[in-house]
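Some structures to go through are shown next.
Across the two complexes that follow, subunit A remains constant while its partner is subunit B and subsequently subunit C.
Moving on to the complex of A and B:
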């Protein structure tokens, strides 16, 4: 098929898809408006979040309580994604591991500006504390396990950018992160199964609601946030770590 | 006023995203990615989704560029000593 015919086929398809898409968009509610059903759902959630669950963040209430099963799926999806990535990026049979410090100790960690190093390393600890705060206050203010988990992974990436290779490696022994990932995912499902054992269904909010407005509130919402935080953080760090090892240490055998 | 700000930020997202797509060199693309990420962060802020902003800041400004850079570094090394 020549270029002209190919373009013709593409145009027919593109016009069809675009028309269909526009037809769908035209049927949407106006921006910022909602259907009666959505409004009723939203009102129900807001009515449940604060009085029933003692959680002032309605978004986290939906994610960790009302739609907790979806979040469990998301958690497993993350696990599957990271396991797949580690498998694809592992050392292949025709590759060898050359420890970076043996090959070119003078070259590792050079080539970045000192300003980059200073900024990255000096803010790393503060960003970590911010991540812990966002995870722990997920039921109160915007944030939660998933958002805070990503922030928790940031110090590792900052160290990767700013610290020397040896310093980075000292904090990033891969197995430790894998163990934390495994424990966190198991704990998440464990909280769900605990609901089943209580006889109230998978991921039911079986912990008492606590007092509204404090860290110790919202029952399993807070608990699941604290579990999801490390799970998400280790997943992101493991991904970065594996790509880093691919670049620094894994070579094709000659 | 709100509608005007939202429209402006959405248009900026569209413009910067197009710039990223039209940048062909992956290394240059990482630089084009930064204004795109910032405009996305602004969009989420304007749409009152602070939860998403927190993730977008780390992913857009830190995790994504670094992972692309590392992958590019690996590719370049393979070209140097195959």
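Moving on to the complex of A and C:
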């Protein structure tokens, strides 16, 4: 099918889908206006978050407490995606590993501007601290394990684009990151099972709520944030590491 | 009708993203287009949860009776984002391998069916 025919077929379908979506939109309440019935669940969460759980962030309360089961699934989904990436990008039988130190004519250029290096390497440590802060304060202010975990992974990416490949490799021995990933995912499920052992259900908030407004509050919400942070960070780093291996080190045998 | 205009934005984003997928000439462009189509769900979810005059559902230094927007849909957006990242990562990994094997990044190019 040529490009013009492809576009034509798409536009016919798009007009239909758009009409269908507009039909649905017409049945919605106006933007920002809701009946109390529609907000029933939201009101329940808001009533539970701060007074009962001592978590001032209602969003994290949903993610880590009220719908913790979904988040456990999300955690496993992330693990599955990373395992899939590692498998797809692994060294094939007809490929060989060329150490990054050796110069090869077909290697991706390693040249980068000095400004990139200086900025990337100098902010790396500070970004790591910011990630820890976002993870630890997830129950209080906007943030949490998933958001902070991505920030925690950023120093690795900054080293990859800013530092020499030898420096990057020194901090990125793949197995260490895989072990942390495994421990973090197991710990997440372990907290869930601990709720079962306690007799209150999977991922129930079994730790006391602590004092409102401090880092030591919200019970398992804070605990699960601290566990999800490294889990997400190692997932992102492992993905970057495997792409790095694929682009820099793995070559077709000739 | 003006009350429903924000929802039309989500529909428009979905269709623009799908248009990019349908007419793409590069696999990376295709994945970015798919991300845009997925972004329509974030926009729609956040719009559905908006409450007139509501502030963020964070009760740090504000009384718990404050009128806030729906925190449930915001949590859904977080899940949505993680799924989007996972799917994009996996697709990009496939693109790297596909480029290495077939030497093309054009989705419309005929692909050899070699194992």
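Throughout what follows, the second predicted complex is superposed on the first by the 233 of 254 C-alpha atoms of A that agree within 3 Å, B and C clash if a C-alpha of one lies under 4 Å from a C-alpha of the other, contacts with A are read in each partner's own complex, and residues count from 1 in each chain.
By definition in this document, contacts are C-beta pairs under 8 Å (C-beta built on N, C-alpha and C of every residue); 3 or more make two chains touch, one makes a residue touch a chain.
Here the structure is a predicted model, which is why all the values come from computation and not from measurement.
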**Request:** Based on the superposed arrangement, let me know which partner A:72 touches: subunit B (first), subunit C (second), both, or neither?
**Result:** neither
**Message:** Just checking: does A:134 make contact with subunit B only, subunit C only, both, or neither of them? Give me first, second, both or neither.
**Reply:** first
**Message:** By the touch definition at the top of the document, which applies to A:246: first (subunit B), second (subunit C), both, or neither?
**Reply:** both
**Message:** Tell me the contact category for A:158 with respect to subunit B and subunit C: first, second, both or neither.
**Reply:** first
**Request:** For A:58, decide between first (touching subunit B), second (touching subunit C), both and neither.
**Result:** second
**Prompt:** Of subunit B and subunit C, which one touches more residues of subunit A?
**Reply:** C
**Request:** Determine, under the contact definition given at the top, whether A:227 touches first (subunit B), second (subunit C), both, or neither.
**Result:** neither
**Request:** Considering only the touch criterion stated at the top, classify A:207 as touching first (subunit B), second (subunit C), both, or neither.
**Result:** neither
**Request:** Go through the superposed model and pick first if A:148 touches only subunit B, second if only subunit C, both, or neither.
**Result:** first
**Asked** Of the two partner chains, subunit B (first) and subunit C (second), which one does A:238 touch, if any: first, second, both, or neither?
**Response** neither
**Request:** Share the list of subunit A residues that count as touching for subunit B in one structure and for subunit C in the other.
**Result:** 31, 59, 142, 144, 146-147, 239, 243, 246-247, 252
**Asked** Once bound in the complex, which stretches of subunit C touch subunit A?
**Response** 3-8, 11, 14-15, 18-19, 22-23, 47-54, 56-60, 64, 68, 70-72, 74-75, 78-79, 81-83, 86-87, 89-90, 92-94, 96-97, 100, 108
**Asked** Can you list the subunit A residues touching subunit B in their complex?
**Response** 31, 59-60, 134, 142-144, 146-148, 150-151, 153-154, 157-158, 160-161, 236, 239-240, 243-244, 246-247, 251-252
**Asked** Tell me, which parts of subunit A touch subunit C in their complex?
**Response** 3, 6-7, 9-10, 14, 17-18, 21-22, 25-26, 28, 30-34, 39, 41-42, 45-47, 49-51, 56-59, 61-63, 67, 70-71, 74, 77-78, 80-82, 84-85, 88-89, 140-142, 144, 146-147, 213, 232, 239, 242-243, 246-247, 252
**Prompt:** Inside the complex, what are the residues of subunit B that reach subunit A?
**Reply:** 6, 50-55, 57-59, 62-63, 66-67, 70-71, 73-74, 77-78, 81-82
